[in-house]
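Quick heads-up: structures coming right below.
You will see chain A twice below: alongside chain B first, and alongside chain C after that.
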Partner chain A sequence: MGKPTVAFFDFACCEGCQIEMTNLGDEAFLELLNHIDIVEFREAMSETTKEPIDIALIEGSFTREADRARLEDIRRRAKVVIAYGQCATTGGINALKNHQKDYKEFVYGHAAGMPHLASDSARPISSVIKVDYNAFGCPVSKYEVLQIISHLVHGKEPVIPDYPVCMECKRRETVCRYHEGDHCLGQVARAGCGAPCPASGIPCEACRGFVSDPNLASLKKVLREEGGLSERRAETKALMFTANETAGRPA
Partner chain B sequence: MNAYFISAHDFKPFITRLIEARRVIGPVAKRNRFTFERVTRAEDLRLDYDVTILPPKKIFFPPVQDLVHFEGERYAGCIEAEPQVLLGVHFYDVKAIDMTDQLFREKFADPNYLAAREATTVVASNVQRVSDAAFWGSIGADVAPKGHDAFLTMIETGYVFETRTPKGAALLEFGRFRIAEKSEVAAADRVNAEILEKCPERIDHPAEAVAKRLWEVFGDEALWEKLAEDCFSCGSCNVICPTCYCFDVQDRWNLDQKSGARARSWDACLTQDFAQVSLGAGATENFRESRGERFRHRFMRKGAYLNKKLGGPACVGCGRCSQACTADIASPPKVINKIMGAAR
Partner chain C sequence: MIQDIKIDVHHLTRVEGHGNIVVDVKNGKVEKCEWQVPEAPRFFESMVRGRHYTEVARVTSRICGICSIGHTLASLKATEAACAVEISHQTGRLRRLLKHAENFDSHVLHVFVLAAPDLAGAPSVLPLIKTHPAVVAGALKLKRLGHEWGSLIGGRTTHPTSAVPGGFTSVPTEDELQTLRGRLLKAAADLEPLLEVVAALAKNIPSFYRPTEYIALHSDVDYSLYNGDIQSFVDGRPKERLPVSEYRRVTNEYVVPQSTAKYTRNRLPCYAVGALARFNNNHEQLHHEAKRVAQALGLLPHCFNPYMNTAAQAVEMVHNLHKSIQIIDELLAEGVSLEKPAAPTRFGKGSGAVEVPRGILFHEYEYDKEGICVSGNCIIPTNQNHGNIQADFEKLVPELLEAGKGEKQMELALEMLVRAYDPCISCSTHYLDVTFKR
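Let's turn to the complex of A and B:
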């Protein structure tokens, strides 16, 4: 790929993952623009495109049938589609609602009946179109995204970790949360973030979703026996970012 | 080998002078645990540590390390080897250093490891406090630690400092040492012998018997799957092990898309995709697909595969894996004692 055209698109999300890229800082971000051609990026520019694009970064979950055509159009125009952020890769935090009934009343109160709030269950982008790569995380890791794009620019296959956060946590010699009477989901969470949360003294919440083969039965046991969580808490603990993975995906 | 003595009173000034003169790495406290770090003040040094989260291998073989820096077509290796003193290594970790020395030296010698190793003076120290998972008293008892340059033992009146190499002897100039009395050396020997009996865990079988038994139960799939039932495939038991030495190599580009680095990071055979290899044309195969197979592999590595080459088991009894495993299934004494008793 020469200087690739890159576009960001957003669906059901907070757009925090787009913001995360701008957190690279002016200098780094401007340097990046010398090497990629950003043609659509709502958080930072007003231009939009209908042209073919090299790399489409799609942020957010699929929650409305009406969005299908737009997703299919992006897929037709893009050489490479990257599901960008946890909302897009697995449904992320949005998927919590897939297993609740009263969330609208709870969140919006008397405004719950407004028509624009009507939506279906939250699903990953891959439930509608083919996704080539996943940039996991809530929000994404900007450094990982840079490496994914760099690898594509150089015609290499991006390498996305499929081992637990514990590995990265041990590499930086963090005191394990379990050794301080706390709990953690790092044993089933997908690495790639560099394990910042345990290093700051808080549990990993698996914001990048699970590894492809998470041992959830063992997790529940450890949360109960070592982490001191109640049966019910141990059961629901891993749901925050992984409701579609733990409680089953909506049909 | 010569034995010297330094009084308790003169010890702290010795460390202070050493720190002024050399880059010193030693055990320090980290929250409720210990780690090897650069020591800049004598009072930070914690020779009374029980065990560190990561073993001292990280000093010679860092968890993440750039190997090559490139820019366009140009590239250069990046070996950094600053002279330094690694102080306060327990004897079981010294044994492990001997093993990684051997493993990184054979066939494709690892220049990064060897350069850091050469540049380092290793000062061992006696175990003052025993970790609650330690079993170094009962494993590889006939394997003598020999990777150190000097050995420091705390006795009642001060410290006995036994030098093994000229590198170790070179440290004498920083403290008020005198030749040790016979009684002082005897006291140090006693301290180091007595502590061997203090481990809370033990393996009740000689290394040869364990190796033989591991080979016997190798094919017992049900046994291994059962032992690994709660395994997270998290690799913690590998990366914290002083004798594990696997790494993965990846490229990283800088923003300019021209320069970057080829870097390695610690890898772990317990992780799900460790043994996934390319078959060409986009196809892959995983030759240790199940948890049980991967769990077995670690025990074969620690208790059987390397024994001949290393002259003893590739486990030194530090107990780090027992502590690191949140599922509490990795402890060698528990697993080995169970396997030794398992019905054929």
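Let's turn to the complex of A and C:
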């Protein structure tokens, strides 16, 4: 059997998750190429394909109907679809605008009604096509992506963490942000990143989204009572990367 | 020779974001020649509203995955101007070291991975792994250095963590800085043979000449990437300078009739930003090693060939390494300690600018009395280059026709031109520049 074919595709995003792959540097990246064939990666190469693909990594959010056909075509051709990065898995930071009614007018002024500026709510890729696996994070953890690909190449089921970031802080013995007089979303944020933010002295912003059953009412209470956040900030704090997950949940 | 040419490059490759090239020539007459940007808009200026001043840079960093350090720093500078925050000498040095890391990291990616395949006649870096294994491995090694160097200072290179308003939440140890210093010295040596390969390929850089206006930060202290005023250079005219707080007088955004894209103009109908603009404004302040490499690559001041932006990036890589060694020496001489980030002394309105790899970047915010953002404005280098790329197209296409170039050659020449600007299209369409009606 030949090496599995892998392709990268991008929608509304900053393409930083694709850049994370190049940050693997010489050893890991060149080794990866011994096990997979990258057949399309527009940000880095001119080669493209119309053929079936083994693994499609899709970065970015779905924000306009015009992109639906392209997503459906990728799904038809791909054996495995991975939503790659937070914009793709939940809508990520793009979803911040979902709670605003005037975002188009605010940015585009009088031109807001023009058809090519069409941009609806930012939605995860899974709102359009079936997604097999999620590589969470803003940006993705490049080592987790390597692990997911490696599992798939070896016929194993990738394991995606569904426990909070607090677990990873405890494991690496990071002093809790609350003990430093700060606030944090780590209690309900999905782990898997290795908790780099509290370790470098800033709160977790839940850039990988929430664990599957977050207690948001308690989160707001803790943000107010332990983190010293105002009512207004406690209310909006959890919207940064999780606006789609927060919407519609009982608070 | 009278000919028909139809070029429709839908989603140009090896650039960040989505751009199209459309050329239509009938009976030897150029009917259409356009650089289009169909990227999905993302509305960042709207999304920063309601965010606390400590969160704003974390939001706007997400405008771009390649220059997220630059977005973070421009954002922090704007927030600090709005909140009257004074940063320490140590913070200033660490930020300049971080800025050099980003510039180096991004230029390595662009010169060796995105642009070099054109000069070597390959569709991507992948075939070069077989034909130029040492160069590719060397380049990836330098890419990793850029990433680890930026991560040491900023916590991470894609969306940095530890750079916050008023300073840093963690700082490298003196041992870590010593180790980095050694790696930078080694990288300067490792870069030499790679640049010789680039110099040998530089003969394949097309010769094309179109003087324009070049805008970059300028400071009397150094080759400016982090500090300075806005400077405009137009050949044969006196240079003009303005403080960053008056950036709107330089960017003068306007809407062109045939599209909804906002372009920018200053003294001339369009201007260029980026490595070549910095070189044309500030070449005298380059490190002498960088000046030597500029000579070897045939990059002489002042240079009016936009394709040479890639060469200017290679020159800046050398500068980034040597200047950073100096900054590390300064840091080590004074000792590095974890300082508490400086706090706001008021909440108001302010702007900030840095040079990101692709050119000058402006951020501006206004905060209410609780430190919550009420408005934001970001003007991105690629936005400022869109008009200049279009003007290059309008001069280049007739010249290529005149020279009897066929469709494929013309397509490659136009693709290479856009790539030379190293455009960051997601960045530019965080905003209005989304454009184009067919």
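Going forward, the second predicted complex is superposed on the first by the 230 of 251 C-alpha atoms of A that agree within 3 Å, B and C clash if a C-alpha of one lies under 4 Å from a C-alpha of the other, contacts with A are read in each partner's own complex, and residues count from 1 in each chain.
Rule of thumb we're sticking to: a residue touches a chain if its C-beta (ideal position, glycine included) is under 8 Å from a C-beta of that chain, and two chains touch if they have at least 3 such contacts.
Treat the numbers as computed from the prediction; the structure is a model and nothing was measured.
Following the overlay on chain A, a side-by-side fit with no clash is recorded for the pair chain B and chain C. After overlaying the two complexes on the shared chain, residue contacts for A:Asp67 are found with chain C alone; chain B is out of touch.
In the superposed model, A:Cys14 makes contact with chain C only, not with chain B. Legend: residue contacts after superposition of the two complexes on their common chain; A:Glu226 is shown touching chain B, with no touch to chain C. For chain A, the partner that touches more of its residues is C, with chain B and chain C as the two candidates. Applying the stated contact rule after C-alpha superposition, one finds that A:Ala83 touches neither chain B nor chain C. Of the two partner chains placed by the overlay, neither chain B nor chain C lies in contact with A:Ala234. Contacts of A:Val131 after superposition: neither chain B nor chain C is touched. Look at A:Tyr178: by the touch rule set out above, it reaches chain B but stays clear of chain C.
Between chain B and chain C, the smallest C-alpha to C-alpha distance in the superposed model amounts to 11 Å. Within the complex formed with chain A, the chain B residues making contact are 30-33, 35, 53-54, 58, 63-64, 229-236, 239-240, 250-253, 255-257, 260, 265-266, 268, 271-273, 291, 323-324, 326-328. Of all the residues in chain A, the ones that touch chain C in their complex are 10-20, 22-26, 29-30, 33, 38, 41-48, 60, 63-64, 67, 92-94, 96-97, 100, 102-104, 106-108, 111, 114, 116-117, 119, 138-139, 196-197, 199-202, 205, 230, 232-233, 236, 240.
Every residue of chain C that touches chain A in the complex is listed here, in rising order: 11, 13-18, 38, 40-43, 45-47, 49-52, 55, 58-59, 62-66, 68, 109, 113-114, 117, 123-126, 129, 136-138, 140-141, 143-144, 147, 155-159, 161-162, 164, 169-170, 255, 260, 370, 372, 426-427, 431-432, 434-437. The touching residues of chain A, when paired with chain B in their complex, are 28, 31-32, 34-35, 146-147, 150-151, 153-154, 156, 159, 162-164, 166-167, 170-176, 178-180, 184, 186-188, 211-215, 217-219, 221-222, 226.
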